[in-house]
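We call the chains A, B, C and D, going by the order they appear; numbering starts again at 1 in every chain.
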Amino acid sequence: MNKTIRVTVWNEFLHEKQNPEIAKIYPEGIHGAIAKYLGSKPEFKVKTATLEMPEHGLTDEVLNNTDVLIWWGHMAHDRVSDAVVDKIYRRITDGGMGLIVLHSGHYSKIFRRLMGTSCGLRWREAGEKERLWVVSPGHPITAGLSEYFEIEHTEMYGEYFDIPTPDQLVFISWFQGGEVFRSGCCFHRGRGKIFYFRPGHESFPIFHHPIVLKVIENAARWAAPVDGPRPPTIVGAPNVKPLEKLQ
Amino acid sequence: MNKTIRVTVWNEFLHEKQNPEIAKIYPEGIHGAIAKYLGSKPEFKVKTATLEMPEHGLTDEVLNNTDVLIWWGHMAHDRVSDAVVDKIYRRITDGGMGLIVLHSGHYSKIFRRLMGTSCGLRWREAGEKERLWVVSPGHPITAGLSEYFEIEHTEMYGEYFDIPTPDQLVFISWFQGGEVFRSGCCFHRGRGKIFYFRPGHESFPIFHHPIVLKVIENAARWAAPVDGPRPPTIVGAPNVKPLEKLQ
Amino acid sequence: MNKTIRVTVWNEFLHEKQNPEIAKIYPEGIHGAIAKYLGSKPEFKVKTATLEMPEHGLTDEVLNNTDVLIWWGHMAHDRVSDAVVDKIYRRITDGGMGLIVLHSGHYSKIFRRLMGTSCGLRWREAGEKERLWVVSPGHPITAGLSEYFEIEHTEMYGEYFDIPTPDQLVFISWFQGGEVFRSGCCFHRGRGKIFYFRPGHESFPIFHHPIVLKVIENAARWAAPVDGPRPPTIVGAPNVKPLEKLQ
Amino acid sequence: MNKTIRVTVWNEFLHEKQNPEIAKIYPEGIHGAIAKYLGSKPEFKVKTATLEMPEHGLTDEVLNNTDVLIWWGHMAHDRVSDAVVDKIYRRITDGGMGLIVLHSGHYSKIFRRLMGTSCGLRWREAGEKERLWVVSPGHPITAGLSEYFEIEHTEMYGEYFDIPTPDQLVFISWFQGGEVFRSGCCFHRGRGKIFYFRPGHESFPIFHHPIVLKVIENAARWAAPVDGPRPPTIVGAPNVKPLEKLQ
């Protein structure tokens, strides 16, 4: 229960290098802002990794020592190597690593592969208001929250969000411009847990919002692996002997 | 995370008083066997309560200080007072108390009320073999388990089990006599989490089986409440002012 | 496939008698408006029934010849007899009758009993705009619809809506005043299908809205029973012989 | 409701050509056996297609005129062209075509892509008995069935079956050798409906079993598309204007 959760925060980290306005909001990168927050909690041991590091910073050594991977990407999904995506995928489904996909990560290779759908959605960048309503009040991801919380200025994501039905739906967003969105979605794939969380545009200080950070913290706890069964059927299709006598 | 989980183990406690064979298996009652096991884990603080105690041992004081209620009943479901059932119900849906319903508790007043269905099933008492297969390998209730576990001699419960579709299905049982059963079922109702776990007949030493006890331990951790939002809509239908200006 | 679907539209039918403004909107009652629309489709054979009829118009004869029951109630839920509710309940879970619950029917005895939850929600009567987004585009209840539809003036219902997680979530509503709502929810209980559909306040002409009526029509087709298995476990707990030889 | 459902039955069609024992069971191929049965029902218009036909028999012309595609494959999943799989995929998620995946089709490219998981399972070829229990008695796929049905001699598939949690679980299988399996699983992806149905090994006359055929017939009706909304977000991520005035 009380053991350390090893989190790796992955960020594309291009916007912050290319755009001074964004660098002003996230001087240490989006990954830096999230890592700083989580690192202040004693139960987390936090690393970061970014696209332009060798192997995107996700070596076997790093992945094998990660309990929960947090993912932010936007403009360079295609530059993520398929070999690294394969390794992340297996580490989730076979190894039980948790995955938290943030905002524009909906279009990342790893999320689309896990979902099996296009993960498309509507969007608009107008700095409008979002209100996230809790629809699973007993879920651990809502710990410490009230019935809803607000983000004053954000990018809009609207339905239809092309995902499989979530195993649990935690938040539904209201947008000023007239849309709704399933903003907090839990999925189980193999031994791994996945949480998609909508907020997080690079041009707004979303990852300085205390409730957004609190949700990410809760999600990291929820997504951390348990030492459960490791069925060989996740990586193959074993031919097995009968467990009972066949007459 | 690491805080104490306060568990109350409730048992009808009639079979053990009336039948010496059963008393031999459970000299301290079914509740005693479960409480002894959980009590040996430092994170649990365990109490017991039984049918023939005043208010069935479930006073306001007890309920308000219970994080997870474990329920075993069989021959006297009707003798449980409706007033106590009402209080348990509200403590679950509004207060977030977890509920673990064991075996013949499928027909208890509290479980039927929470499910909204008859909770009927087929059964047979022939001491046959059961094998429980894990179908949610990443679920915290399966922590420490292998792909399946066996109970050598048990009562059979078979489908169709008249429940709503579980929010997560954790175990499916195989029985020697030809039936299957959804044996580990998670439900969320209001702020509360509910786990139905099939094993547990009074005339077999099921609650001395190490994996059965491990599952109950895992389920108690899973079902413990989080300090999440407490929507007033769980107990009423508030008339509310608009959050946004209506043109 | 092509057989007639026998629909009974039930309405409390008090508002229309007591309030001339409402009678102007629904001169033949809410039930009359819905029955007229469905009756114009050749595959439906439609009856109506109301609270103040003997047995609320829901005699054994009527219930046993109803494939889908549509339910509208608001101010007199408590006046519906428990004996009639029992019969409706059994006809759904054991007989496979479909149930479509409209708007304020969320608080009806039959819906609350089937859900096992309080079915509470937030509300506001301000004549604001609602936009219903389709989140299950392949679902038969969305046949003929576009991505969303609007109701110009309506009562607001907001989350948290205290229901079990729907088996399928079909619509999510956006409200002008800042709330969201799970407005189209499918549930399966025993052999029966249940659809909760949010729109429908008595003081707005909701049941003259062509898309609202189209959704009710689609839902009646979806909810109609199939001639499937009738497990005895829905009404009891049979003791059964083994299907296989026990060694 | 009563319109014709256009079904295309796809079969790898290699076993039947290569193995005289299998050819004896399926003289017209597995596709032929299924097509013959469905073709005898007036509401279906049935075609067949096989691996070694040009474009595997699944030209644009064929796919665009298919409401439900039935898929059987086993030894040559890798020989199915990725371009054809892409077209099938888009026809399902964007076009709403239904897909019924039979038995060893669990490892087909199209099923694995739609699931996003490995779709692995345990198996054994010992000609043992299977009993399929209905766990969704009101589901249209169970029309005309009893509480369970049996297959006297079959290949075994056992859990853990590495799939996402089905949107509806219809059948659970019991096997003589001690395993269980989620044998009838419904999924929704985009606008399309998918049904995985376990029975069907090439060396047993499974596709001559009247209840197996009845289930396929029911599934074809269930999976047929409705003329519902076609969200552009299934194929892209449109940038949209606000529907409401932003202050």
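Following the convention adopted for this analysis, contacts are C-beta pairs under 8 Å (C-beta built on N, C-alpha and C of every residue); 3 or more make two chains touch, one makes a residue touch a chain.
From a predicted model like this one, the values you see are computed outputs, not experimental measurements.
Only C-alpha atoms count here: how many degrees separate chain A from chain B in terms of the superposing rotation, rounded to the nearest 5?
Value: 180 degrees, nearest 5.
So which chain is the furthest away from chain D, centre to centre on CA atoms?
B
Comparing the two chain pairs, does A-D have more C-beta contacts than A-C, or is it the other way round?
Answer by contact count: A-D.
Report the inter-chain centroid distance for chain A and chain D in whole angstrom, where each centroid is the mean of the CA atoms.
Using C-alpha averages as centres, the distance is 32 Å.
Could you work out how far the Cα centre of chain A sits from that of chain C, in whole Å?
Between these chains, centre-to-centre, one finds 37 Å.
Residues of chain D that contact two or more other chains, please.
Counting only residues that touch two or more other chains, chain D contributes 131, 134, 136-137, 147, 158-161, 165, 167-168, 176, 178-179, 188, 190, 229, 231, 234, 243-244, 247.
Touching residues of chain C toward chain D in the complex: what are they?
Spelled out, the residues of chain C in touch with chain D are 1-2, 43, 96, 131, 134, 136-140, 142-147, 167-168, 176, 188, 190-193, 221, 225-231, 234, 243-244.
Touching residues of chain B toward chain D in the complex: what are they?
Residues in contact with chain D: 131, 133-137, 147, 158-161, 165, 168-169, 172-175, 178-180, 182, 245, 247.
In their shared complex, at which residues does chain D touch chain A?
Contact set of chain D toward chain A: 93, 107, 113-118, 120-126, 128, 156, 158-162, 164-165, 167, 176-179, 187-190, 229, 231-244, 246-247.
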